[in-house]
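When the chains are written out, they are named A, B and C in that same order, and each has its own residue count from 1.
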Amino acid sequence: MVKSPTEKKVREPLFHIVKRDAIPWWKAWLIRIAAVLIALVVVAVITLVMTGQDPIEMYKAMFDGAVGNSTRTWNLLQDTALLLIVGLAVTPAFKMRFWNIGAQGQILVGCLATTFCMRTFTGKVPTAVLFILMIAFALIAGAVWALIPGIFKAYLNTNETLFTLMMNYIALNLVAFFCFRWSKNSGNDVIGIINRSSKTGWMPDIAGNKFLLNIIIVAVITVAAFVYLKYSKHGYEISVVGESENTARYIGINVKHVIIRTVLISGALCGLAGFLLVSGVHHTLTTDVEGGRGFTAIIVSWMAHFNPFYMILTSFLIVFLEKGAIQVASAKNLQLDDNFSDIVVGIIILFIIGCEFFINYRIKFKSKDKAEEARE
Amino acid sequence: MKKILAIVLALVMLFALAACGATQDDANTDSANANTDTENAGADTEEAGDALKFGFIYLHDQNSTYDRNFMEAAKAACEKLGVEYVEKVPIPEGNECYEAAIDLVNQGCDIIFADSFGHEEFLLQAAEEHPEVEFCHATGTMAHTEKLANFHNAFASIYEGRYLAGIAAGMKLNEMIENGEFKPEEAKIGYVGAYTYAEVISGYTSFFLGARSVCKTATMEVQFTGSWYDETAEKNAAETLINRGCKLISQHADSMGAPTACEDAGVPDVSYNGSTLEACPNTFIVSSRINWEPYFEYVIGCVKEGKAIDTDWTGTISTGSVVLTEVNEKAAAEGTVEAIAEAQAKLVSGELHVFDTSTFTVEGKELTSYLADVDTDDAFTPDTEVIKDGYFAESEFRSAPYFDVAIDGIERLNAMF
Amino acid sequence: MEKAPAIELKNITKTFGRIVANHNVNLKVNRGEIMAILGENGSGKTTLMNMISGIYFPDSGHIFIDGKEVVIASPKDSYKYGIGMIHQHFKLVDVLSAAENIVLGLHGKYNIKEASREVARIASLYGFEIDPAKKIYEMSVSEKQTVEIIKVLYRGADILILDEPTAVLTPQETAKLFAVLRRMKEDGKAIVIITHKLHEVLSISDRVAVLRKGEYICTLETKDATEASLTEAMVGKKVALDIDRADPVDPEDRLIVKDLDCINREGAKVLDDVSFTARSGEILGIAGIAGSGQRELLEAIAGLQHVESGEITYKDPKTGKAENLRDKTPMQIRQLGVRLSFVPEDRLGMGLVGSMDIIDNMMLRSYRKGKSAFLQRKEPRDLANEIIKSLEVVTPSATTPVRRLSGGNVQKVLVGREIAATPTVLMAAYPVRGLDINSSYMIYNLLNQQKERGVAVIFVGEDLDVLIDLCDRILVIGSGHVTGVVDARTTTKEEIGLLMTKSVAHGEGGELNG
């Protein structure tokens, strides 16, 4: 093809963005690792420039906060598990493109239900029955909290994002109400530790380790979630509905049915997370017992591309950073407050999420001959 | 297959990270030790008095006036006595508090302090597991019933400070009446409270009694917000009170909501937890607050000398724990400073009691006997007779307040909290 | 300025990947002239116009405005040269008024009053009816179109391009629009109108350029053209394709559709009294301009489209029993034992799941098999491997997501799966669209094999040559009506072409030509 003189005048952009076909898995991981490294460097520069603190000391503090001693490491693992289970909970809904941002509310009502059982049934039923009640109530509470927006979505096509968000506020205020109603000293909002002396309804220690049972439960659920999503007919239907409702209709899937079933599972798992938080960790109910996991879990799930095993990695990473950040904020040799350490966490996560762009797309720079032509 | 490989790789990476973390961590402890050489040597000789480490657990960061009050006292006391200290912030009132306490124990702290009411049981849990460490908790109620040798409550007789601040308020009301701004029977005080909790009730009642000791016609309305920190709710509550005809506002909640509303409306305000003079130069009169420095110094002293710490420690005006800020001459009535000083002297000498039963009535009658809920239980059972020698003995049976009587002259506008 | 070309295109070529959308197109439009661009769907009309308006950039070729060569790299450049495009889909902000939409995005002072005056002036000049203060969301389709046209005039356009402007208008509104266009022409504007409606071409244009499959065919003077000559130019001469076609063996009625009416989401009637019969051992072709109701027809049969009235009856080949399929879901149709396979037009949006691999896509229809709660991947894996082998699907493996495959291979996977279900009725919508020659022939052969097996095949196509060579009978639909059923062995492209545009011309031509 003969190049015409006009073509030289064409202002071609410096680069364009091209979607990649497939990328070898090792290359994808190389990009991710590079992203983490670049993030660390960027954070170091920002720290140095903005605060004048030694970034190496800051990273040391981070590692110290996360895995500084065995208690910290166990705490890290337990919190990873607790974030992971919420991540697992929101995943079926997200995979179905049901934007469930109501995990917070679903967890809170699970916590509330568990607390209710611990307060009401302790001493009245055998411990085993108490546990069954606690788990059942938590599952049902979470499921109902998700079912309400689910039904509206399936039958009236309401916006589930807003709906689930609003359900969060209702749950939060319900919890605030009961914190007041059940408070230890009349007129306050502190329930205090439930069954502190008898430890009834507390998740038992395993081999003297109080973290282990939580972790084991979540590990089992992780495997189950993986199998459910990947090998069950339900999981298959979720994938089809999420990819294309048209395809689902084409092959005769009852989309409404799948939506409702999936949000029930999603909500029930959130409820279970609430049970673990109250029975396994806090042994009390407060308005921040959920600790922001409902929203953080969305990042966990998306970063892992909805793969439960990758989610182990992403939730670990986030908890690691959070734990590290607390230490950064309180380390005496660093004059940094927790606002700054949140910035650090934010930047690192941003890089990790952002690098997915470079895994999916390639940046094609202006080819050389064309560039030369443009200079003429 | 690829996926499995990916997972394996990821795990390898993780472990590498973790291993890396562990080694770096060692390095960190080394450097930390190097930084505080003298203290390290002390720690080796085990609990030798001069190498103390104090751990603090705070609910919020320094943006909360409540927590900042503790932080500043901690810093002052530790620096004064040359004690190393570690802070954990922000620690919610859940298992995080227990985790933080354990972490502080692991860092070698000898004394651990938590500042929020909801921290108490989690701190208690840690105290049970670590009898070798002293645990101190502000505003708590359980030390005297749990009877753990290493767990202590502390508070201050802030009701005395509130009483004194109330005198300033009463004088301001008198001044306004004299200026003909309103009639004596219209002297209504508005109070923004957090919860219908004894600490709050004790606070506004003492404030009211202080005001009425000067302005006989004073009445009070209380609006609750249901939160210790909710700027919007507190501002709205103050505005409601002002609209209902309250001539002066005070508050027991931690945000700037009420003082700001007062400054906007030009209504005088008696503040709490510290001066709000800067933000409210025209309406701020005076503020009472608890100074925790004496307590921290006391605790450090006890540990250094190997003495037992009081199970319930109540700071007073005499210990320097209950303090008033400078009076804002611009807003306060003439003679306020002198009147406060006079009343303060009487309180210290014991001549004057804040909750003197002859100064107030309950449902029209004088209070002669009252069982308060001093020992915590789920049913809130009253258990202790607290009226003695003609006054309500606040903070004598435990440090945290337990005065929760509804006296005549004070109306609660909402009581759902 | 008399008859000086306002815009001239020389040897314009544009490709998208392997698809050639325009190849060496030459075009000349004069001032004071209405030029119609005629072509079937996919003939490259819109691509060409998008290059003039700066949305696409040509791979090669030259554009001249008033005899001077120009580079149009962005819509901004296009404005600069006085080119205004009115798209098929309006680009207006609903909550703003007409006048606000018109001045939106312009530099300079934002003065609604002045703008309103100018809008009124333009409207009276050309005979538009418009209320500058009316909000877009309160407007009818034709009012919105008016806003779009005034918008480009306001910005000083004197070369107007209208992309199928009449597609959304009633005959009365069309007549009004044409009156306005004629006035603009008298005012010396150059106007390009894209359409595939022959009678409109004849009524409005001065000259007509014909495109076919991306190629520029010719430019005719409208006064010399007839519907027949335009059709011939549009569909081209018959090309022999060399597809083996066996005679149907013992055809019997399999699927009977009677008086079918359907309404789409916008409330427009998309199928009107459609009746036909599909027979076993026969390929029934469906021809028509895209969007004439083909998709709705197939989806109605498959249970995916709500039917207003009419009957869909299936005759079981074994028992001879008649089953009513109307108002049944795809699941219910399956449970009746009706083996209906459907290759939809939207392959990755309906027929397959793009992110799933070939094996999982094989399961789409069969995953429910068995009582277990878990998926049985063995059979689908075998099927996937068999299809990859027998249909020569080019793929790294059976576990590659189908999205990563090329169009032809995607279609092989889809058709292969649908055939593997041993259907008695096989419906395929545009099964060779975007496929290369070899893949296309493989699909034709597969359809022929099914026909020989006694399957009733329904084939919706756009290439008339293929329809004529592959099918036994061809059902022609135009705007939701059946306009004729012809014997593929004896028909001609012209006959089909005229039938395709027939119903639209019916009853409207008279007014417009006047």
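Throughout what follows, a contact is a pair of C-beta atoms (placed from the backbone, for glycine too) under 8 Å apart; a residue touches a chain by one contact, two chains touch by 3 or more.
Bear in mind that the values here come from a model prediction, so they are computed numbers and not experimental data.
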Among line, ring, star, complete and other, the chain touch graph is line
Using only protein Cα atoms, the chain sitting most centrally is A
Between chain A and chain B, the Cα-mean centres are separated in Å by 36
Distance in whole angstrom between the CA centres of chain B and chain C is 74
Per the C-alpha means, the centres of chain A and chain C lie apart by a whole-Å value of 44
Two or more other chains are touched by the chain C residues none
Listed in rising order, the residues of chain B that touch chain A in the complex are 2-3, 5-7, 9-10, 13-14, 18, 20-22, 24-25, 27-29, 31-32, 35, 61-62, 86-90, 92-96, 99, 102-103, 106, 117-118, 120-122, 124-125, 141, 195-198, 200-201, 226, 373, 376, 378, 380, 404, 417
Within their complex, chain C touches chain A through residues 57, 60, 62, 69, 71, 73, 302-304, 329-331, 333-334, 342, 344, 346, 348-356, 360, 363-365, 367-368, 372-375, 400, 404
Chain A contacts chain C in the complex at 1, 4, 6-7, 9-11, 21-22, 227, 231-234, 236, 239-240, 243-244, 246-247, 249-252, 254
The residues of chain A that touch chain B in their complex are 25-26, 29, 33, 59-61, 63-64, 66-69, 71-72, 75, 176, 180, 184-190, 192-193, 196, 281-284, 286, 288-289, 291, 307, 309-310, 313, 316, 326, 329-330, 332-333, 337-339
